[in-house]
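By letter and in written order, the chains are A, B, C and D; residue numbering begins at 1 in each of them.
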Amino acid sequence: MSHDREAADWWATAVSRIEPNVIELRGRPVQDLIGGVSFAGVIWLMLRGDLPSPAQERLLEAALVSSVDHGPHAPSIAVARMAATCGIGLNNAVATGVNLLGDVHGGAGEQCMRLLADVRDRPATAVAQWRARDRYLPGFGHRFHTVDPRRDPLLRAVEQAVADGVVEGGYLRAAYTVEQQLHPVPINIDGCTAVVYAELGFPPPLARGLFVLSRSVGILAHAWEETGQGRRNKGPIPPTIQPTYTGPRRSGP
Amino acid sequence: MSHDREAADWWATAVSRIEPNVIELRGRPVQDLIGGVSFAGVIWLMLRGDLPSPAQERLLEAALVSSVDHGPHAPSIAVARMAATCGIGLNNAVATGVNLLGDVHGGAGEQCMRLLADVRDRPATAVAQWRARDRYLPGFGHRFHTVDPRRDPLLRAVEQAVADGVVEGGYLRAAYTVEQQLHPVPINIDGCTAVVYAELGFPPPLARGLFVLSRSVGILAHAWEETGQGRRNKGPIPPTIQPTYTGPRRSGP
Amino acid sequence: MSHDREAADWWATAVSRIEPNVIELRGRPVQDLIGGVSFAGVIWLMLRGDLPSPAQERLLEAALVSSVDHGPHAPSIAVARMAATCGIGLNNAVATGVNLLGDVHGGAGEQCMRLLADVRDRPATAVAQWRARDRYLPGFGHRFHTVDPRRDPLLRAVEQAVADGVVEGGYLRAAYTVEQQLHPVPINIDGCTAVVYAELGFPPPLARGLFVLSRSVGILAHAWEETGQGRRNKGPIPPTIQPTYTGPRRSGP
Amino acid sequence: MSHDREAADWWATAVSRIEPNVIELRGRPVQDLIGGVSFAGVIWLMLRGDLPSPAQERLLEAALVSSVDHGPHAPSIAVARMAATCGIGLNNAVATGVNLLGDVHGGAGEQCMRLLADVRDRPATAVAQWRARDRYLPGFGHRFHTVDPRRDPLLRAVEQAVADGVVEGGYLRAAYTVEQQLHPVPINIDGCTAVVYAELGFPPPLARGLFVLSRSVGILAHAWEETGQGRRNKGPIPPTIQPTYTGPRRSGP
């Protein structure tokens, strides 16, 4: 094989075909998508290769809408606001926030999808086994909300989709099973969106990926608001409050 | 003012109100948005504080759809694919790609909005003045496409919105003015989306912000595809091709 | 030119030569550097292509040591600590902090080097011209320290190097000129390190580059300390303090 | 406890004490460190709280020097070069590279330290057990070098330190044990630096942290060289080579 063919194959992709005056996304000319498919529809297309049905698209939109923001207490939001005051681009500020959406901050959706798959297959025993390994189950419990206002509309939307034959419902039933066994610990937003993404057939790592797309909106909105406030080098607390120093003191004069 | 009030004010925001069992985005309960507003509609809400009309929303969707991907030649796409092979999270891979969407890679939309505003206000003289300062005008010309397939559907959508009284049309006319004067250099995708965002009333820095949200979709799709291919520590070219060394040679044997 | 040659040339570099069983940095076998050259010496080598004299190396070490940390009030430090609680790698936490070292947070050194070069060349007029453009001069003044404890040891080290004929002294004299004209506004750490880097012959953008290498040490130390404290999803303020909400209230009951 | 005390405690640290006109690093006034302690010495101080002996410092310098660069084939280097062509700051380019130093790219040092500790404690059985779990042992084998030129000078330096009573030698013996059992698979640079860091008493996660500090030098040098070459939006391969498209074709005309 020639070296230039090697370099071309090194970057082989089925996602898009870009040639002079040609842009195809998953085999579809971009000009057929502009004006014809929603942003959420193109998210589905790019990740899966086909277009969603209207009912699938509505469900995806509901999940994407639900997790855009959780205020300045969320590390992803706070660091983007601080970044916006340091003389870097708005894109760099958003990247700073997205970088924090790891296993602990948003990653619970990915882990919850694995839990729900397990509970669906072994409803009698899975929850106990997961709890034996870890006191906290991913997607359940919140340090802040006792009833998350996003739970009911999201789970109701999935119930409707089950009734309409759009999705099968096995993951939703698994979520209810876990909720019952953990009562009064409620399902949280990571859990609710995990139900949606699992019912729609997304693989677990894309729960995190879709959360990234959703939360990027809140990160951008907060970074943009901060830009308008004009602070420079914003620290986490006002300069009048000194961090407590817990280290050694210099001995003697 | 007490210190705790200072700390609360340090993080003051009008974007969202988060209290136990309450999540409001721009003053609207999140449960009213889930299922009722599209993802693009919530993007508008979060950045501007109100909801778009259906016609405004369609125009925003068209622009967001148009710039999701430009293949592995785009640095933002390539670095995210490489990142995905280095044992870091999918969120870290997306952040790596987004971090590159700076003044040169995506930032042209922001600069083009300033150009269009200037041409709209001074159609007779602005283009010549911009060209005197820089040979390249932001949002015009492409090293790859002679006719970008995204131009016609985007500009036609704006024309329709002008005809329907949805937008005023001043930025669209400015874009046509620049195209005429630069002929045969065509408007590119940064220019076309700049027309949309300007007509919809977004401030220039948000052209970059909206591009970040759009391109994040392609970045995620490519990072995810790369994950499935199983490479580890993917370099930019195959290991059989050695970078040319142009530095000093060790003297002597 | 064949395509494989093109791909090799696309990645041409004079920084290092890497071939099977061969690693040369700036033309020097790495095995000759290990054990023979200090870390600071290799920093100089990699950025400039030759090795520093012992006196040059001491001066570089002094500047690198001086700016490693400025505590949790510094955005770069705070965001890295928050990142370390989100389930991402220590490298991702350091990258998050480094990403914030932009034009406002650390970039002052780069701008100060340009100021000092101008004052050196036009001592009578440059300061007034810079002040006419901007009230604040880069590298001078601090919101926190009236006398920065790093000023005297750094400037004294440069004075000694001038006396020893190691550096010329023009930038140091320019710094004193500015200090006199701004009295009582003192030179700050960005200004002091700018003097060192300028006297040593580094181009202005590398003032920011060297600051990045220096501050990375503090960022890593803080991220590592935070890891040991075991918090998850650390926000900027304790959860008991709610950010002030300044947006619209939902109307009606 | 008052809220302001809470906010101060939220950011408690033993790393540094920053008060007006006071900067202490690990309890030592910064003015005593400038000019008196090397950059490598301050790295040790910041991570561990005390200063190294001259012999410990030499060993740390040797390891830091050894891994600064591995050329444009290394993803960390390549993405930083590409980032430098996208109109973002030099700090953002370095952060982009550092972000990639994850479990697969540099993280092997951390894992190798755990392997060496296990082999040191159970020399007869540990290697076989690790190999039963994974074909590749962290820190051993290289796809490129059959004999890494950095091995001998690093291991010789550790041997000397053992002879001088500076370090104990248990991790070095463990490394030789693994090399013997894997013959002819050699120890690689991650393994050699893991020996150094383990002998010096660093905990495993700091093997990755120290690698980040070391590789940042090469990342900066390459990003800076790329800046000087003037490319804009540098992709991974020349624009004349098209990535192979492996997806669906649009059917019919």
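Criterion: a contact is a pair of C-beta atoms (placed from the backbone, for glycine too) under 8 Å apart; a residue touches a chain by one contact, two chains touch by 3 or more.
Computed from a predicted model, the values in this text were never measured in an experiment.
Looking at which of A-D and C-D shares more C-beta pairs in contact, the answer is the pair C-D. Each chain's centre was taken as the mean of its CA atoms, and the one lying most distant from subunit C is A. One finds 34 Å separating the Cα centroids of subunit B and subunit D. Centre-to-centre spacing of subunit C and subunit D amounts to 20 Å, using the average Cα coordinate of each chain.
Centroids built from CA atoms put subunit D at 30 Å from subunit A. For subunit C, residues touching at least two other chains, in rising order: 3-4, 6-7, 10-11, 13-18, 29, 71-73, 78, 88-89, 91-92, 95-96, 99-103, 107, 144, 236-237, 241, 243. By the touch criterion stated above, subunit D contacts subunit C in their complex at residues 3, 6-7, 10-11, 13-18, 20-23, 25, 29-31, 33-35, 37-40, 42-43, 46-47, 58, 61-62, 64-66, 68-73, 78, 89-92, 94-96, 98-103, 106-107, 144-150, 152-154, 157, 205-206, 208-209, 212-214, 216-218, 220-225, 227, 237-238, 240-241. Those residues of subunit D that touch subunit B in the shared complex are 2-4, 6-7, 71-76, 78-79, 82-83, 85-88, 92, 95-96, 99-105, 107, 143-144, 232-237, 239, 243.
Residues 4, 7-19, 24, 26-29, 49, 88-89, 91-92, 99, 236-237, 241-250 of subunit C are the ones that touch subunit B when the two sit in their complex.
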